[in-house]
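Both complexes shown next keep chain A, but they swap its partner, so chain B is in the first and chain C is in the second.
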Partner chain A sequence: MTIEPRALETRAETELTEAWYKERDALPGNEAVAGRRKAAFDAFRQTGLPHRRVEEWKYSDLRNRLKSIAPFAARRDEAGAKSVLAGLDNVYGDVDRHRLVIVDGHFHAGLSDMAALAADGALARPLAEALAEAGEALMDLPAIATKDAAVGLNAIFCADGLELVVPAGVTLSKPVEIVHALGQDAASTAGRVVIRAGEGAEAIVLETFLGGTEGTFSNTLTDIRAADGAKLTVARLQAEAAGTTHVGTAVVTLGAKTAVKVIGAGIGSGFARHQAFVAFTGEHARADLLGITMVRKGQHVDQTLVIDHAVPNCDSRELFKTVVDDGAKGIFQGKIIVRPHAQKTDGQMMTQSLLLSEDAEMALKPELEIFADDVQCAHGATSGEIDEDLLFYLRARGIPEKEARTLLVLAFLAEAVEEIGEEVIVEAFEARIRAWLDQAA
Partner chain B sequence: MPAVQETIDRVRSIDVDQYKYGFFTDIESDKAPKGLNEDIIRFISAKKDEPEWMLEWRLDAYRRWLTMSEPTWARVSYPKIDFNDIYYYSAPKSAPGPKSLDEVDPELLATYEKLGIPLREQEILAGVEPKNRVAVDAVFDSVSVVTTFKKELAAAGVIFCSISEAMREHPDLVKKYLGTVVPVTDNYYATLNSAVFTDGSFVYVPEGVRCPMELSTYFRINEKNTGQFERTLIIAEKGAYVSYLEGCTAPQRDENQLHAAVVELIALDDAEIKYSTVQNWFPGDSEGKGGIYNFVTKRGDCRGKNSKISWTQVETGSAITWKYPSCILRGDNSRGEFYSIAVSNGRQQIDSGTKMIHLGKNTSSRIISKGISAGKSENTYRGLVSAHRKASNARNFTQCDSLLIGQDCGAHTVPYIESKNSTAVFEHEATTSKISDDQMFYCQQRGLSDEEAVALIVNGFVKDVIQQLPMEFAVEAQKLISISLEGSVG
Partner chain C sequence: MLEIKNLHARIADDGTEILRGIDLVVKPGEVHAIMGPNGSGKSTLSYILAGKTDYEVTEGDILYNGESLLELSPDERAAAGLFLAFQYPIEIPGVATMTFLKTALNAQRKARGEGELSTPDFMKRVKDKAAKLQITMDMLKRPLNVGFSGGEKKRSEILQMALLEPSLCVLDETDSGLDIDALKVVSDGVNALRSPERAFVVITHYQRLLDHIVPDVVHVLSKGRIVKTGDKDLALELEKNGYADFVDAAA
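Moving on, here comes the complex of A and B:
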């Protein structure tokens, strides 16, 4: 190992620095928020964009990927936002739901089902508005997330987004869909969503990430906070256009006796990093993380998880399935941390990957970091191709090879799909999986 | 299993701080001045009577080393090492090169007796069947003291000697293979080793020869403030087989001592090398004072078709272990194995694992790693399994299990799995748990005491690895594990 001096600042890093000096006065938030942005910017000046020498970003060299940073997107007028939306898929079709719309990182109340949501008992408002009030509470995140470079960038540049509050004791009758739409002109965005579920609240949230074009850099953050006894299911579908660079962070904070399930599906974007930071703060909580990733044609997709068992008696389950085809590269990094005294922790992580073509690549890094003795922790990781014996079995029964392969990929993913548990999400995800496979056929 | 009973007895009778090999032998030794610079390297090279190219090789390594910085990625923490506060050369003062055991300092022989290493050929001849004999190369501080059974090995064509001797007698072989598996600038400690290594073992098994006995090296650091930098090179020609054992101990001292070794294995077509280590350097006392820093680079190159390299290690000693015995599976159909037991207690820190780099077609590897942490220790498995684009049908199975005893220790697993070939099938599983109450209850119900129950369960936990060790080492390993864990029960 030789000394590597800090590389010269890249063009993208210079552009980000310039963007900060240009945007900083216009960015929303009270003084405390401005202080946090400044601190995050100072940290960015120290470290720059994450690259392969940064262990957490070893396989996803963002500094190398981002040759240049498009200007940060300004807020569109309602007609403009509407036309962006009109050009995108309606992932959940006619499912009865409350729809909230974020275009290029800016929340559009006029395009959202505000009245129906309020009638159902939940509150939504633009994040810019919330940050101007007691914004620091909304900016602060668990320690495991704050050091991350992408989280830092979001803190610096976050111009808007959404605060969704499901008050204590409220169970929403319909799912809430949050659409993160990106326009057709290359731009950078740093939208942030804060979902706060009060004590005993229950909700299903569907996040969809759509649109964008070559040169788009979307760096989103969803901060999910479950107060004691809350139950949340959050389904995140990332199907951005092929040329985008997407970093999507989910930060989950679980209170006592909570149950939070985060389901991620990643099929879009040219270079995607989906990361989740899960922090247990109260006992007897359970977190379920599911991942379904399908990539092809030179796509690069990274799933990174950090599960922090800081308190005793919590369970976590992670199941991630990745299908890689045609020159694409898949990455899974998952770390379970069990802090001292977090006894009776039960953490199980499984990641499996299927390589469909010779030039597909997969890197896996499941980690355990354990400081308490009375725990049950395990992880499993596999990588391989379609089993020739299974293929033969199907073909011997008259199923053509292509169809047989499709069936086997479906079967591979089925294990994760079955764990979803919500019919609305299952249907939407299955439709996406089939469409992806049909494209291959 | 008589060994189990023996283990239990041992656990009963020994105190946590009682490191069996902690004695120090007062032997006059010949030392180079403290510190590291080009003159010291020239001194070492001259002492060893080395050819000119070797000196150049060392100096080149030293100059490269000066430009490097210490790696920080391992999960170990220790105060900064002052590389100028170490003696890089220390040799027991005896007549230049003992011709026979009679010339060896009796104090030294007594040391080996205390260590339980039978250097005297007659003793071995008297006691054991010929096929179970073990040839020993003993390295004391920095230099090889004695190598036994040379004649018999030579009759079979096997060269087994110290590496300094090999440099003089077989320069072509050394020149051809040295540094080809672990390049001079591989990493910080390997580069340091390349510059200052003082001795080590050399093994050459010619084509088609199955080495008639187990080869073994015992390493001991005796002098104060010395670093031990040995270098081992093992070459198995086409169709050859060799099994090599390595054991290490050091006296109990309250300062830290550095051990930075490099081991290179080369297996050509159809050859097999089995390399077993029982590492029991002084681990420091229960408060973490003293102990050896064990920063070792071990790598095997399955260069030929159908070759096989198998690493088995039992790690119970050292204050800090930083060690990743690896296999480069270059030849088609080659196979790599790694079996490891890493036991940490007190304030020991272990960051160990393996790399299996699949380059050839139809290569396979297997990793079984068992980590046991007790006391206030940290035990990390760090490994890499990778398949190159051309490594069709590569197979790997990895199992990493950790057992935690007590609530102040840590067990960590950091595997990297990289597949660039779709036909490669990699499977990895890891678990962490403590000895379950059910298991304890079951044993106690049958009349075993707490300690007996733990010893039994731990022995069961590590059985997969112990089975891979040659018999002599298996017994020793079991004892060591029990000793290391003493005081952690309950």
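Moving on, here comes the complex of A and C:
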């Protein structure tokens, strides 16, 4: 089948097309994977980059943002990868953990704690290798995610990443950190991580997204699959350099009686879209999604969620807090879908934003699409400024204005921070939040 | 210590004049009571002393230890030794009471060029003072004033005052919402702080509080002016006859 390209193509779209022809033969995966990539490319040729007339992307016009696409990053040698890593923050400091390193979308086993991870009972391998062997099953995603433009672009260009398997019954003794490091030269990346937790497995995963520069386009996908009874906490901290364009997709598939908590913090990048697609496939499961976003000075950070209650008796909780300062824009879009037979669904979504200056902007779009009748679902959205009476009270006790404002921003975020529930994550996130507040002039 | 001279003030938003020429001199060690009907401007006066920007001073001045307070920010006034116990203490969810107390105390110490208090020293001070005010550790673990009863909020204000050791304490209707027992605890807390160097301005609606915190001077405020000044017997007289005489006299 040949598909006519759209009449008007942007430069970036042309570059993506050219990149496909240039890279396709070298991209990893068996025949079936290649077929998936081709199908995704054909879809891209029809739709192009997502833009403001695409409902799901209306607040984050990626086509307008991406004037040009930097070439896709080649794999660095180990020394090169190491030096990229050395130039970036060590977010979790000396927390005892298994560290897995991805640089510019390519996994570096040589820089990762492979032996310790294996001894703890889990396995990691390069995604390129997994795609060649396990093939297209690794690219399967729930229906709510497959049509998304960024997910499609990742499927086309994904060159590597990793597969992390926590086998059935295994509880990891330490958290696994997955570092998504970006180099200092503008490049495009499409790394993918597949986390497979077997039945009854338990793990904490810490994903950190760091580095990059003006012109970097990172389009990552993390595919989290929890088999029946598994328990996962995944903390995603996006603190990329100011000029990057970051699209980070988390796809979560929950089996029966699972509990998955995804905590996202968007503090860096120039233009970031964090999206989560959550699909319940077994009953009596619970998903918790927490978001903390802090933006200022021309930053644009989008949090988009789709929660699909496709089976009965599942709970979901979404709490998203956004702090927006001068000249920045925050976006929250959240949709809870309850399918006709998904009775006894309990879904609660709350989003709150705090605007710290007059030219701070926040767009809120919470939605419920409920097709079952015996459900409990609610959403709430608020947007406000610092309460002057609270500020006065603190200052009347001798706390200077800047410090008082910091206290009130922390107070605004406190509820979400408390919900994190893992001390290691709380400490790292709080340190980031405070660093952000300290930067305020 | 405090000298208020011909103070006129209005609401910044709409220009409504609230204070219409207040004169008041408070010396170290003294306790002044300000009484008056609802809406006479008592809280407004206390807010202006503390530096709230909802009000604009249009005439007159407030001198504190000889220097004008008007140019100072609320936190500078606090660090200089001024304390306002709020009529309606504010709940601040997400700010732990302990964190708040420590931040406030250390901010004031820093502003005065004193060193920060170590955590153990700080904890000890809080525990001692809280116990005297019958404030439990459990209350201190909660977010500031959140879920506190009316009486607990007032005791929490006095705890802050005891901890910050101000030299001029302004108490705005600290007695309202207190039962007899709580009134006793709060008054004992205030009396424990009385010293020759420290002065109090006690705003109240009722004479009751002044049985416990005995004032040196009593002022009656009406329609933004002090219409009568006397000794503690004036409070008793007001209790018996109401404000009507003075309010009419002012009109």
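Quick note on the criterion: the second predicted complex is superposed on the first by the 433 of 441 C-alpha atoms of A that agree within 3 Å, B and C clash if a C-alpha of one lies under 4 Å from a C-alpha of the other, contacts with A are read in each partner's own complex, and residues count from 1 in each chain.
Everything that follows uses one rule, which is that a contact is a pair of C-beta atoms (placed from the backbone, for glycine too) under 8 Å apart; a residue touches a chain by one contact, two chains touch by 3 or more.
This is a predicted model, so every value here is computed, not measured.
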Touching partner for A:G110 - first (chain B), second (chain C), both, neither: neither
Partner chain(s) touched by A:G87 [first = chain B, second = chain C, both, neither]: neither
Touched partner set for A:E367, first chain B, second chain C, both or neither: first
Which of chain B and chain C A:L407 touches, first, second, both or neither: second
Of chain C and chain B, partner touching more chain A residues: B
Intersection of chain A interface sets (partners chain B, chain C): none
Chain A to chain C touching residues, read off their complex: 389-390, 392-401, 403-404, 407-408, 410-415
Touching residues on chain A, where the partner in the complex is chain B: 1-3, 55, 340-341, 343, 353, 355-385
Footprint of chain A on chain B - complex, ascending: 67-69, 71, 73, 185, 187-188, 389, 402, 404-434
Contacting residues of chain C [partner chain A, same complex]: 50-53, 73-75, 77-79, 84, 86, 89-90, 92-95, 99-100, 103-105, 107-108, 111, 143, 160, 164
